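Have a look at these structures, which come just after this line.
Shared between the two complexes below is chain A, which pairs with chain B and chain C, respectively.
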Partner chain A sequence: MTPQMIFLMFFGGAAVWFGIVVFRTHSMVRSALALLFSQTAVGVMFLLMQAEFLGVLQIMMMATEMSVMAIFMVMFMMDPGGMGAMDMTHQKRLSLWAGGIGFVAALAVIWLADWGPANLQIPDATEQTAELGRELLGRSMFIFESAALMILTAMVAATMVAIHPNEGRKR
Partner chain B sequence: MIPELIIALSVGAALFGVGLYGALSQTNLVMIIMGVELILAAALVNLVAFWRYLHPDVPAAQMFVLIVMAVMAVEMAVGFGIAIARFRSRGSVEMEEARELKG
Partner chain C sequence: MTVSIVLVALAVGAYLVAVLESWAVHGRLEPARPAISALALLGRESLLARTPDRLFFEAGPVVLLVAGLLAVAVIPLAPGLIVTDLATGALFLNAALAYVLVALIMAGWGPNGAYAMIGGWRFLGQFVAYAMLIVMPITAVAMRAESLSTVDIVTSQSTLWNIAYQPLGFVLFVAAAMGLCWLPPLDLPTARGDLTGGIEAEYTGARLAVLRLARMVLIMALAGATVTFYLGGWLGPWLPAWAWSAIKILFVAGLMVSVGRLVPRVREAQYLEISWKLGIPLALANIFLVGVITLVVPI
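Moving on, here comes the complex of A and B:
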């Protein structure tokens, strides 16, 4: 067993464990922090798989996203501290079955599929980033620009939805 | 059989299962968004693993990861926009109470 496999298992286990904690804790801030740790563990897995740029991007992006999420949770939840230990779940049995079946089906595909030969000749980090840049500004430029436009549209749409309908008429 | 690929894909499968459970079982909109985030994280792990162990010479795979990250950001922005609108009009983001579109 190589060190890469051991660390992949460790951080993969951490990502899954913190993912479970998200739905097990009653405190919403703990929940948001657990999701942050889970996403950070995923980012570390990217670093272990030598995708340095994506790993750092994942950790930075998720740290910001989860901080915003924690603020929203405290704002919107009826019991953000979890002191009342409220149960905010429904159709638990069905959800457990759906999650379990999804997991087992994915595992079956993983173990039964023929993944073909491994290609372990990986370019170094500098070359990877340069290649990604060439890809983004070359062949995939249209898709990349579409993603940017999608984010802009979502930002405008989210702001429009969030603005109170009578906001302008008050003055 | 590539053991590292199998480990990464298994982690992705587990994250998908946990995320699916969360998205279906939670009644609060923000918690449902968290479940969807976990499902998308599973997709990210799979994409990076496929790139690393099967096609490390194809940079388009990394570009695909960037697109999924953009989808994650968009999903959060729109979800929170809806949450604010819902909270302002009904004072709660509990999805059990959101039955307006039910026939």
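Moving on, here comes the complex of A and C:
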């Protein structure tokens, strides 16, 4: 077993553990930051698998996303500090089934898919970044642009919902 | 060896910037002041607030320090004098600096105090304002260098520094960097006279010393990033490369800690408005201009 594999298992375990912590804590901020550290562990796994750009990007994006999520959770939850020992879980039977089916489906995809031979010639980080750029501005451009448009629409819609309808008239 | 040299340089630089900052605040040049303050802080009792989130309270200042140190790791001080020359260095710098926000939210939430919490969430508002203005100017810098490696970015400026090539990006980046290390006029998270120290309000003794040290490291990291991206890094005539880096970084850090004090404090709503309505269109224009110049005139 190589050191790379040991670290990969360690951070994989950390990602799962922090994922569990998300639901074990009562504090919204702790929950959001536990999710952040779970995602950061996934980012470190990318780095260990020599996907430098993806790893750094994952570590960067998650820090900001989860922090913004934390403030929304604090704003909308009735017990953000967890002082009242609010239960984080609900609809337990449904979520157990959904989680179980998702887990089995993921395992099935992992084991049954034909992944092809492992690539032993890993391009260096500069080459990887350049290839990612070509992919994003070539074959995958349509997917990313449509996703971007959907997110923009959602942002505009959310802002419209948040603004009080009479705000303009008051001035 | 390189790591030790960079750490010693960082410690000396942070000390000198602390002297400069105390000069800017008190108007007297007292070279021993940071050392005396540090000793005083370390000698004091480190109080613990009532029913804190202990984990976040303890981790906040340490995460801030680690984020600053990681950002410093990709800043080249001379050819070969860099902790790690990553192929994605400029992006890594962003990733490290993103954890400043995480650290301040921890430090704000941890002590279970109103002033600290407001300070922490204010920084999040401030983050939404400055975040894009850190990333977008760096995009334009990387476009010219055709690389995200900080060493390549410095060498790409051998004919013309980026401050002359993309002055708009420089102004936006420095303004955003000052927001990132919550320097006046963007010092809302601490906001003396308003939040009685904000995130610093509940920290005392050794923990406050770590928090203040981490902020100095952060200022050095941002000054180093400004020099790397816009002022030609170690490039310069006559003097050795490391000396140029030292002079430039200290100059930028000195300006950052002093000039903003002449301007009244900016509210977070105003800062958000300026950043999104003016800053982001300007940053987009900067990316477009740099793209056109890069394609048309090879400098």
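Assorted remarks:
By definition in this document, the second predicted complex is superposed on the first by the 143 of 171 C-alpha atoms of A that agree within 3 Å, B and C clash if a C-alpha of one lies under 4 Å from a C-alpha of the other, contacts with A are read in each partner's own complex, and residues count from 1 in each chain.
The working rule: a contact is a pair of C-beta atoms (placed from the backbone, for glycine too) under 8 Å apart; a residue touches a chain by one contact, two chains touch by 3 or more.
Here the structure is a predicted model, which is why all the values come from computation and not from measurement.
Using the contact criterion defined above for the overlaid structures, shared-chain residue A:125 touches chain C, although it does not reach chain B. Judged by the touch definition given at the top, the superposed model places A:90 against chain B, while chain C stays out of reach. Legend: residue contacts after superposition of the two complexes on their common chain; A:57 is shown touching both chain B and chain C. When the shared chain is aligned, chain B comes close enough to touch A:49, but chain C does not. When the two complexes are overlaid, the chain among chain B and chain C that reaches more residues of chain A is B. Once the two complexes are laid over each other on the shared chain, residue contacts for A:36 go to chain C alone; chain B is not touched.
53, 57, 68, 128 are the residues of chain A that lie in the contact sets of both chain B and chain C, per the superposition on chain A. Across the complex, chain C is touched by residues 27, 29-30, 33, 36, 52-53, 56-57, 59-60, 63-64, 66-68, 70-71, 74, 81, 124-126, 128-129 of chain A.
Contact residues on chain B toward chain A in their complex (touch as defined above): 1-22, 24-31, 33-35, 37-38, 41, 44-45, 48-49, 51-57, 59-60, 62-63, 65-67, 69-70, 72-74, 76-78, 80-85, 87-88, 92-94, 96. Of all residues in chain C, only 53, 55-56, 86-88, 91-92, 94-95, 98-99, 101-102, 105-106, 109, 112, 121, 124, 127-128, 131, 147-149 touch chain A in the complex they form. Residue ranges of chain A in contact with chain B, taken from their complex: 2, 4-5, 8-9, 12-13, 15-16, 19-20, 22-23, 28, 31-32, 35, 38-39, 42, 45-46, 49-51, 53-54, 57-58, 61, 65, 68-69, 72-73, 75-78, 88-92, 94-96, 98-100, 102-103, 106-107, 110-111, 115-116, 118-123, 128, 131-132, 134-136, 139-140, 143-144, 147-148, 150-151, 154-155, 157-162, 164.
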